[in-house]
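Okay, so here's the structure we're looking at.
So that you can tell them apart, the chains are marked A, B, C and D in the order they are listed, and the count of residues begins at 1 in each.
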Amino acid sequence: MSIFIDKDTKVLVQGITGKEGSFWTKHMMELGTDVIGGVTPGKEGQTVAGKPVYHSVRRAVAEHEADAAMLFVPPRFTKDAVFEALDGGIKKIVTIADGIPLHEMVQIRAAAASCGAMVIGGNTSGVISPGEAMMGMFPYWIDRVYKPGRIGVMTRSGSLTNEVTAMVVRAGFGVSSLIGIGGDPVPGTRFAEMLPLYEGDESTDAVVIIGELGGTMEEEVAEAMADGSFSKPVVAFLGGRTAPKGKRMGHAGAIVTGGKGTVEGKIEALTAAGGLVAERPRFVGDLLKELLRR
Amino acid sequence: MSIFIDKDTKVLVQGITGKEGSFWTKHMMELGTDVIGGVTPGKEGQTVAGKPVYHSVRRAVAEHEADAAMLFVPPRFTKDAVFEALDGGIKKIVTIADGIPLHEMVQIRAAAASCGAMVIGGNTSGVISPGEAMMGMFPYWIDRVYKPGRIGVMTRSGSLTNEVTAMVVRAGFGVSSLIGIGGDPVPGTRFAEMLPLYEGDESTDAVVIIGELGGTMEEEVAEAMADGSFSKPVVAFLGGRTAPKGKRMGHAGAIVTGGKGTVEGKIEALTAAGGLVAERPRFVGDLLKELLRR
Amino acid sequence: MKLFEYQAKEVFKNGGIPIPESKLADSVEEVVDAIETIGLPCVLKSQVLRGGRGKAGLIPFVRTIEEAKAEAKRLFASEHNVKRLLVEEAVNIEKEIYLSVTIDPVAPSAIIIASAEGGVEIESLAVNDPDKIIQEAIDITAGIQPYQANDLAFRLGFTDDIAKQVKKVIFGLYNIFSSYDAELAEINPLFITKEGKVIAGDGKLMIDENSMHRQPNYERTRDYYDSDMEFEAAQEGIPYLQFDGDISLMCAGAGLTTTVYDLINYEGGSIANYLEFGGPNYRKAVRAMELCLQNESKVILIVTFGTIARADVMAEGIVDAMNRLKPDRPIVTCIRGTNEEEAVRILKEAGLDPLYDTEEAVQKAVAIAKGEC
Amino acid sequence: MKLFEYQAKEVFKNGGIPIPESKLADSVEEVVDAIETIGLPCVLKSQVLRGGRGKAGLIPFVRTIEEAKAEAKRLFASEHNVKRLLVEEAVNIEKEIYLSVTIDPVAPSAIIIASAEGGVEIESLAVNDPDKIIQEAIDITAGIQPYQANDLAFRLGFTDDIAKQVKKVIFGLYNIFSSYDAELAEINPLFITKEGKVIAGDGKLMIDENSMHRQPNYERTRDYYDSDMEFEAAQEGIPYLQFDGDISLMCAGAGLTTTVYDLINYEGGSIANYLEFGGPNYRKAVRAMELCLQNESKVILIVTFGTIARADVMAEGIVDAMNRLKPDRPIVTCIRGTNEEEAVRILKEAGLDPLYDTEEAVQKAVAIAKGEC
């Protein structure tokens, strides 16, 4: 079992004929993902990995049921592709694009909300339920990272996810569903918004959060833990504890977050809410064991 | 009893300090309308008819409960005033402005829908429940037109409403609630959208519709009658039966309406759905009697 | 405000929509000059605001300079008030598309309408074969999205380069619709040429009257009206339509005026002019009556049932107009509404016989017009 | 991309926001010239991108020409890399307002933030007295509505003419934020002068890096960077930060690089430079190593755990870089991910001793830097 996607999720791939689109579509299918077809304007009639390509999402959904859209689309065209998917009635959208204009990402998130849809990304590797299905670009063949199991993983990072997840697996666990929220300042979906899915997932025993300095996503998780709406054990690893004060957004950023966003603040909030924060990736597995033993 | 407004509806007047705003606010109160205050930016601290004036809707609703907003605001500022009322959580809005830019009216109607609110107008005299309350500019003192009673009236017109309603009253009836939908091509609320209110109103026995050539609002009423969602007797008077084909919107208008919009088509649709259409204003009363006798 | 074709095409061109090569000419000589640039064969397109120009013979195709001269002469001399001809290159047409943007008042949204079968029969196609009409709703706040233009191009059956050009035209037309506060922006036909180009064959652009303050480039000159009277009335902001019957209407409110118009027709009367002096114009009785008196009507029928417009003010205006203009024909009044008692007093004092019932007033006016009283 | 104050103010001015009279000067002579136009007293504002310029003494107020010369000389010679001074008229300040527009990622929307108590202490005000901070969410598709600007002006306590001016500034600032694809548009302080004028005292404008393709007016010259190295790295699109420790990082992925940075600090090491060559840069090992070698570091630490970036390609790049650049210091590698077996083979063949565990690699690098191995 898993959240967001599983073997039965019918996935439409937008930008399927591109280099990355076709490459990763094949890998997604290899892992078991039910890719029903793809979209590239002007390429209707072609096939990729045996799946039909359509001019538009509308033409694709007229022929096939689709639950989710996987976007291999350049950042500047992502807003249009997301809007097209939403217009086609698709409620789960993953976009890997790195470099989506900030104001457009705000519009994407707002549009998804008004459609009751969920956009994961951009600037992410995507979503994977090891052994079941994947939307994105994960080297699922590295089994010391992508071993199936009962730990949910949510992350803002790429390479660090491999690092931390390898430690989870090294400790004897496996991954139920890994959700790459993405590293942009405005992700389509926030950590806390994924929690209800993990909460309701019988195959997830605990959740590992891979966060970092900046923003308030980790604090929002702490709030959900504190108010009881999320009740499973949470272990976090946060990058940037010793980071120097880098280039900042000026006063406004700090005002919007009300002084939140420091790693210290995040640790305090998560700990106060009953979570454990690992100082080093290596400690994540032990902390998981500790929490699950309680 | 009445629909949309009654004695208990708390009305905020936007543009209350203007010439028309202050004049008609007094009249509205004279008829029994519960005006709780008004808004004119920069005029906070003043009073009109003893009611406090605020800089903004937000400041007004922070001090007073408000169910409805009456706008005496020039057409070019109407969109802003409606948006402000919606933002203030007000769900019933009447705007008399004649000359609201077309594209802005589309935005107004869309915004109201997304807030679950109802905007009546523009280009209307407003809404009156004779003997109870009024939002707008009605000479309620002419009692051969504004006599309280049990007939609902919906209208796209101004002077013609006085003409036709006078005939309703002359026939021995009175008016429960009169809703001036307004004469613009994009009214905030359409005839058919008012029907559920009349349907549920115990003090309305039948509805008179004062329509005219163009648009599809009368056809939409016929549809609601035909599918049973509106079950009360309907008598219509439609202006423009002998009108020459005037300046038209070209092909597109006719395509959007699918060939609807002629007076003949409206008569056919309403008659087929069980309504009666009066050839002359004078006949409206007799047709009402006929339907109510059935 | 409906623009002339040549104006609409200028807007289209600036908005990135290809148009045929063309030149404006306001005399036979200028037509000849224009043809030197445009070449032959070409099309002489009468710049009038009415629809159905093709069927009315107002867009002749000419092959020789003699033919061009003769046709230009005919058009300038015609009853259709042709002041200018657009001399336009003849295009090698492979296919004609219909494309427009307008408002859907129910949705509410903008709506793009397209059909692969453009041309003059589009309206009957909409009724008889609605599947051939493609519609796409556009959120007027967010504007058109690229995928929507894409999808429209594909639904019209285009791929490759033509699809790209059509997409660009769709984008351009929508953005014009939006920035010009249009009621309607229409290209019918949109040519696909044998050379694989996409070109606007015609151009229609109607600007929302309520948004003209944002569109300062267009002034309503005499050219936009069918008659001097309509132009004069428009200058005053008085709604006015010219007919050729016996009864001059001078009424208040569009709905009531239209109803009086209907009632006159029912009674066998005929209308000389439609005129509204209600709403903000209710103090303009003098100007309104002046306009009515310019007609060869037999009677002036005044019907009002005012709400804000006070009956006594209108009555005063009418008496003032009579005193100033000394009308040469009978006046029938039926003035009701706020302060109507005072209005009646004023009218009676001026020697009129005010009526209170619209139908009675209509019947009296028709009788006068027929010489029956 | 953060603009310099003088650039932001130019944008503000074009967007209808009043700014003080000012002139840019890049030498003491030009400062003197500028003062002839601007007059005395005036303010010499160092055009550097760092915050807290006032507290750092980078915005001196000068009363005489001698004082101006001395201060200008001091600033140009300072360690703060001051290349330009904005010579600005001294304004009679009655009140200082805070005003900014940024993104609220949760809502999601744009958000206008304002406070009647502007100036340098705004951030602590936000924490200690949040009621004094006014916020207004703006729908980024629909844009700012007039009533919102109105309401903000009133909530700031203004009425009448000042309210109108403030409203105009709010509108202007939001529209700049929107049309410049800004992360942040900020005026702090916004002066209300004793003469009743509203003038932007400072200007901050940060353009979203992902939208620079729509903002062709700004090019990232050397001026925008603290060091030559950072400028060079930016030219290559390589994320790079300069420090002065012993260990050069050459890692892949922001999260992993930051974590390695933390781990080095935990182990008592120090960082010479932060460098990412992951993602699209994974073939740029040569350039990355060249940058690292320009530092006086004692060791280069390479840590990756690639997803799309293939480990073998990175390993090849590293070996290639070593062959070309002949590094004069030890290299510690910890390369994992797709095709890592092949990567290990390549590295071993090149005489390296590849590690597999991040902490082990960090410890080794720290030990080398400390001369312990």
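In the analysis below, a residue touches a chain if its C-beta (ideal position, glycine included) is under 8 Å from a C-beta of that chain, and two chains touch if they have at least 3 such contacts.
Owing to the predicted nature of the structure, the values given are computational and were not obtained by experimental measurement.
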Quiz prompt | Chain labels contacting subunit A and also subunit B | solution = C, D
Practice problem: Between B-D and B-C, flag the pair that has more C-beta pairs in contact. | Solution: B-C
Practice problem: Quick one: report the Å distance separating subunit B from subunit D, using the average Cα coordinate of each chain. | Solution: 56
Quiz item: If you average the CA atoms of subunit A and of subunit D, how many Å lie between those two points?
Solution: 28
Exercise. Send over the residues of subunit A in touch with two or more other chains.
Key: 107
Practice problem: Could you list the positions in subunit D whose residues touch two or more of the other chains? | Solution: 141-142
Quiz item: Chain contact graph: line, ring, star, complete or other?
Solution: other
Self-check item: Interchain contacts, given as pairs of chains that touch
Solution: A-C, A-D, B-C, B-D, C-D
Quiz item: What residues on subunit A touch subunit D, complex-wise?
Solution: 75-76, 98-103, 105-107, 109-110, 125, 137-139, 141-142, 155-163, 166, 183, 185-187, 190, 210, 212-213, 215-216, 220, 237, 239-244, 246-256, 258-259, 279-282
Quiz prompt | Complex interface listing, subunit D residues touching subunit B | solution = 142, 145-147, 150-151, 154, 159-160, 163
Quiz item: Inside the complex, what are the residues of subunit B that reach subunit D?
Solution: 41-42, 44, 55-59, 77, 80-81, 83-84, 87, 107
Self-check item: Residues of subunit C that touch subunit D when the two form their complex
Solution: 141-142
Quiz item: Which of the residues in subunit D come into contact with subunit A in the complex?
Solution: 2, 51, 98, 100-111, 113, 122-123, 126-127, 130, 133, 139-141, 178, 181, 183-184, 186, 188, 204, 206, 208, 210-211, 213-214, 241, 243, 251-256, 258-259, 261-263, 265-266, 278-279, 304-308, 336-338, 340, 358-359
